[in-house]
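Per-chain numbering from 1; labels A, B, C, D, E and F assigned in written order.
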Amino acid sequence: MDLIDIYLSEDLGQEGDITSDSIFGDERGKAIIIAKEDCLLAGLEEAEEVFRRVGARLVKRKKDGEEVKKGEVVAEVEGRVKDILKGERLALNFLCRMSGIASETRKLVEKCKRINPRIEIAATRKTTPGFRKYEKKAVVIGGGVPHRFGLFDAVLIKDNHLKVVGSVEEAVRRVREKIKDKIIEVEVENEKDAIKAAEIGVDWIMLDNIPAEEGRRIASKLRKINPNVKIEASGGINEENITDYAEFADRISLGYITHSIKSKDFSLEIV
Amino acid sequence: MDLIDIYLSEDLGQEGDITSDSIFGDERGKAIIIAKEDCLLAGLEEAEEVFRRVGARLVKRKKDGEEVKKGEVVAEVEGRVKDILKGERLALNFLCRMSGIASETRKLVEKCKRINPRIEIAATRKTTPGFRKYEKKAVVIGGGVPHRFGLFDAVLIKDNHLKVVGSVEEAVRRVREKIKDKIIEVEVENEKDAIKAAEIGVDWIMLDNIPAEEGRRIASKLRKINPNVKIEASGGINEENITDYAEFADRISLGYITHSIKSKDFSLEIV
Amino acid sequence: MDLIDIYLSEDLGQEGDITSDSIFGDERGKAIIIAKEDCLLAGLEEAEEVFRRVGARLVKRKKDGEEVKKGEVVAEVEGRVKDILKGERLALNFLCRMSGIASETRKLVEKCKRINPRIEIAATRKTTPGFRKYEKKAVVIGGGVPHRFGLFDAVLIKDNHLKVVGSVEEAVRRVREKIKDKIIEVEVENEKDAIKAAEIGVDWIMLDNIPAEEGRRIASKLRKINPNVKIEASGGINEENITDYAEFADRISLGYITHSIKSKDFSLEIV
Amino acid sequence: MDLIDIYLSEDLGQEGDITSDSIFGDERGKAIIIAKEDCLLAGLEEAEEVFRRVGARLVKRKKDGEEVKKGEVVAEVEGRVKDILKGERLALNFLCRMSGIASETRKLVEKCKRINPRIEIAATRKTTPGFRKYEKKAVVIGGGVPHRFGLFDAVLIKDNHLKVVGSVEEAVRRVREKIKDKIIEVEVENEKDAIKAAEIGVDWIMLDNIPAEEGRRIASKLRKINPNVKIEASGGINEENITDYAEFADRISLGYITHSIKSKDFSLEIV
Amino acid sequence: MDLIDIYLSEDLGQEGDITSDSIFGDERGKAIIIAKEDCLLAGLEEAEEVFRRVGARLVKRKKDGEEVKKGEVVAEVEGRVKDILKGERLALNFLCRMSGIASETRKLVEKCKRINPRIEIAATRKTTPGFRKYEKKAVVIGGGVPHRFGLFDAVLIKDNHLKVVGSVEEAVRRVREKIKDKIIEVEVENEKDAIKAAEIGVDWIMLDNIPAEEGRRIASKLRKINPNVKIEASGGINEENITDYAEFADRISLGYITHSIKSKDFSLEIV
Amino acid sequence: MDLIDIYLSEDLGQEGDITSDSIFGDERGKAIIIAKEDCLLAGLEEAEEVFRRVGARLVKRKKDGEEVKKGEVVAEVEGRVKDILKGERLALNFLCRMSGIASETRKLVEKCKRINPRIEIAATRKTTPGFRKYEKKAVVIGGGVPHRFGLFDAVLIKDNHLKVVGSVEEAVRRVREKIKDKIIEVEVENEKDAIKAAEIGVDWIMLDNIPAEEGRRIASKLRKINPNVKIEASGGINEENITDYAEFADRISLGYITHSIKSKDFSLEIV
């Protein structure tokens, strides 16, 4: 049971598709999957796998990462009609959500790269439980970066760590004693902590919930202290104000591209 | 491994929280969870369970289904600091997404009930793979109804079924031959099919992608044919036009309350 | 690990078939599966899948749902001898139990349909833990109906619900408030409750443990109250008295067809 | 997910008990479990575990292995009414099937022990897929022996092995070369093979489908050849003729006690 | 998820091979697996399966159980470069550890068989958690015997059982009352218990931590008491003194061949 | 089913401990766990968890990370005798293997730190499939560092990557394009590649299979090129020559501490 099996069983239970099973025998059919909105396509590889598992076959007409127009056929599906319908909803749910995330990410990436071609747009861990793998993947398809996958694969010292430990220096010292082969990032909420973090040479400093104007000023100070330090902006950033941050940050991370996105619409039609 | 275990392992991997584990020993702490926006609270029971599993303890100050204001404390969490931080993100992801769905649902429900107190607002199967159980639950907390959980627990004859079979009558006949103890709902895209469905006495007719004006007219015809028939409106319905549908439908189903919702913001602060 | 994997590992553990593995190398062989009794065949699709998973191949000579005679070959199996023997017992256990259930169901269905061609013979939830899916399927192959799969996919208000709530009306009222898209069935043990249930218009009334004579009389009253109501008879029904119930009921449900059935005998012989 | 979790999820799906959940809040209740037939009790430990997992508590009034009379209370259950009803069916399914098996086994054991106090009544691998563990346990509660659990924990050379290998000697030789620490049993269908098996000193000889009269004669020959050999009778044995076999065999194995048994009836009543 | 899936996910997590995935597209390649030391090959079948699961294909040039020389190519692997590298480490870990165990076992087996051609070298349950299946298999490839797989498939009465029960006789009596179809082995630490065990006719006696000299003397006594008894030597046996035990024992079991072995070195090279 | 459940079921199967279950009822007992060799203790937390799961209770007398002497009691265990014996072997297998790894690591760490107090001794991915988590943990207890857990949590460009891509520069360029928040390490086998890697500023350079003398010389050159570069030595390093590498490297990684270690001996005795 990998994730896709779990998702399938969520829709099928043990009884399967009772509607289709009572209507159809083994008649075969063909269907097309159509984009109902312009978007950046994502989730087609997953849709292909979904149909494979229910015994049907998806043939791609477009590829993940391509721009598609409203009305375009992105794939064809062949198999028994009841198998096609068994996989339909899960395949579409992959496409709709992942294309929604990829499209929004792409929009932000393009907007920001015009201002700062080296800027990175990053996902966070604010993802839907059980679907993070695919939400992060959609961000990458949209031109963003995944950021750490979970608590286990990267170090990020956050406000709550600092609050308990009492100082940036001490928190970093403890981490460095144990972890030697990871980049260390510290999230700070004020200039004082940011400067301390730069002075002790952490790799990344995340300016959290600091307005763009102030962020720019702090960033410039930090780079004077340590020219190698990387600056991430996070918190309170949205589509409107994002370019203000893009001017001075190396990376902008936003939860909303995984948690508050509008899905793109796709439909499957038997032909 | 139930769903919550799967969600936890998504964030923790086998290595756990490498940041907190290198910073903290067994020191204990207390945290509060704060609503950062007004919303209808949902996901607190799940948050409680998350903390239980990582060895901490959440004490509720609010309940799922209550309205909370920006800045209000919804719960306290006690335990080892590193256990609290281990559960933090998953607990918040539950709260943010479920409260977002519940709040949006509530808004629609209230809006529509002013016009038609018996109207139902229903979720669809357009949910995030692996998280349907909780998205449907959030809709219910918001005053909506869950609709069928998957393909296995209710009959819904859709456009693709009709296209292959050729007629509403034949599709319904086949279902009725096999399934005697389920309500039968047929999704139709035009008046002709709607009338046929009413004539052969199906329980629910879903008017899919039919404008409100036309929907009202058809609904009235259908009820003349079969006074017991229930009408569901679906497709192309949004926050603006929903009340037009509420006037004549028994149920309105909308994918966007589960797939295109803005999450509500919550944060956890060690105190 | 789906159910069939779990069943296989029950027989094979981690060490596999120690007898065959110490006797055989990779020599290939052919086997036939023979019905040792007349029966209605069921479980052959599952047997096919079992052999596929152990690396052998079953070729059907009969189909599920066909009547087979003692001595008839229902399938051939090809592959390495040790793979055939690895799948033998599980494949036969599927065939024996499912054919036993299908055969007994068929017998009852035929008996009852002579009296009432629209009667349904239904399974219950009195199934062997972990094997319900296949026991319900065997009932369907025998011409019966599956009834609800579990507690999650249909509403059935039973004696214990009524006892706590106090009245049929109140129990139904509470269900109707929450559940709008399911048929509601109420199990009653006396005429009074049956009449109440009919008056408030529930879809199905199950007369539980009510003798046929009395059942017939009550059913006739109920249909006068609500001509659309469906009557299910249950409890104390066996092969002898079943036709008495078939005369007046729409459906007869019996636990014994899944829990107290004689298996049919099949054997596998290397040829 | 151990077996009991799998069984529970079979009944509850992801939606749970939709009837009880719409009728009840957190009201607590008490129930009794009553034997509806005289039987040898089995499955009560499993019932206890089932209720524990759904959050209720079963208190035993009888013990597995005790004889109970129709009408006797075997246990009490306390908890939230909806939790009690959530576990009810699975708990009863354990009790009904396991008590059915235990009771039938006990009857055979007593019948045979009157004739031969050292006789063993054994289960086979002809069990319901996914439920073998509990069917074997019920046989043991009834005074029987479990026989090998699967293909992995004991050696049994069967007809199909002999057919491919060509002779008892060669099959046993191959096994002995590989397996030194298991008892070796050979299933034979004729006197010649039985004698060969005895001559080469196998531990157990299973006389398969050999009538009692002939079995007795062969057994006596075999014991002259090897006084330590143990004789198992199997095939074509039923409640009527079993005592004929009990006179000369050391063990009688019967598939029907696990695959063709009548369940015993139990019910749960809220009080 | 069988064991090999679990092992793979240990190395790949949900993010996969981030290095190879950022370096390679779909370019295909070929690799060879080379033995870096002389050894007895084991684990190649597992390596083949590993590559199959990641979408590559291993073609064997040697077979498990063959002696290979330093520098010899044991297999070729074809597929996408990134798939080959995805399976590399797990495949090698199988080969290195299993070949290490098989080689050491072979050495002991040959050494001992020169002195006593019927001696068996056996594994114990002192294996790496989660990898027992493959460690036992490697012992068998090396010419050893697996001994019992776990607590469930054979009877071994050990010192702690005797300590609680008080006497060999009583412990054996209790086991015999319950278990009739398994060989019974008793582990003893002194002559007195050994003699008792022989007198009551147990099948195997394990002389635990008894020096070779004394073991030989006791073994000879035991065989006088019961010529059929089998003697196993265990405890304090190593490569140096093993032949002293081989002279008189039927079986020698050693934990170190599974828990303290030097792995053999293999490497995979893209060509 | 987490890893410890999987390990337990490896030893217990579905039948459990057939020896203890036939000997013991519910009698309670106490046992001690004794170190049979001097060692650095590791695995005691896991042993505690094992006993908890089988229903017994381990009370620690020593802690993971403490030096213990031959004969010392490291823990006491209380519970039903049969539960203690059920967990015995798995608990000991944890202790023996983890203490073996921790002890060997500690020895190397101390040896090397005398020469270079900042040296790190690191584990590799050459671990036993399914047990990596605990082998890495044992290395950490011994004073070592875990290195990357799998392919998913750190970047390591190896010989096979370089061979296909053609140059260090190109491989690093591709990685840097995709991955911005991880330390980049490159494994090189010659001076030329090492120098290139230093020139383009990778974080870590692993000198693989380069003799100490040459390694020292190269390391010094690399540090001149990039004073921040970290040097890891790997390949062909053993207990004898390790100090030669400790003089110039920042980290030494060795496969043998996880794959070729002698376990430490522990035993459990009922008292």
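Keep in mind that, in the parts below, contacts are C-beta pairs under 8 Å (C-beta built on N, C-alpha and C of every residue); 3 or more make two chains touch, one makes a residue touch a chain.
Since this is a predicted model, take the numbers as computed values, not measurements.
Asks: Can you list every chain in contact with both chain D and chain E?
Replies: A, B, C, F
Asks: Over half of the interface residue numbers used by both chain A and chain E, so same, or under half, so different?
Replies: Different: when the shared numbers are divided by all numbers used, the fraction is under half.
Asks: Matching A-C on over half of contact pairs, by residue number: which of A-E, D-E or A-B?
Replies: Selected pair, repeating A-C: A-E.
Asks: Counting only C-alpha atoms to place each centre, which chain is farthest from chain E?
Replies: The chain farthest from chain E, judged by C-alpha centres, is B.
Asks: Any idea how many Å lie between the Cα centroids of chain B and chain F?
Replies: Averaging C-alpha atoms per chain gives centres 46 Å apart.
Asks: Which positions in chain B are in touch with at least two other chains?
Replies: As it turns out, chain B has residues touching two or more other chains at 1, 10, 13-15, 132-133, 149, 152-154, 182.
Asks: Write out the stretch or stretches of chain E touching chain D in their complex.
Replies: Checking each residue of chain E against chain D gives 120, 145, 147-149, 152-154, 180-183, 185, 204, 251.
Asks: In the complex, go through chain A and note every residue touching chain E.
Replies: Within the complex, chain A contacts chain E at residues 1-2, 132-133, 146, 149, 153.
Asks: Which residues of chain B touch chain E in the complex?
Replies: Residue list for chain B touching chain E: 10, 13-14.
Asks: Please output the residues of chain D touching chain C within their complex, sorted ascending.
Replies: Contacts found on chain D: 3, 6-7, 10-24, 27, 29, 31, 81, 85-86, 88-90, 92-94, 96-97, 100, 125-134, 149-161, 163-165, 171, 174-175, 177-179, 182, 255-256, 259-263, 268-270.
Asks: Hey, which residues of chain A end up touching chain C in the complex?
Replies: Those in contact with chain C are residues 1, 13-15.
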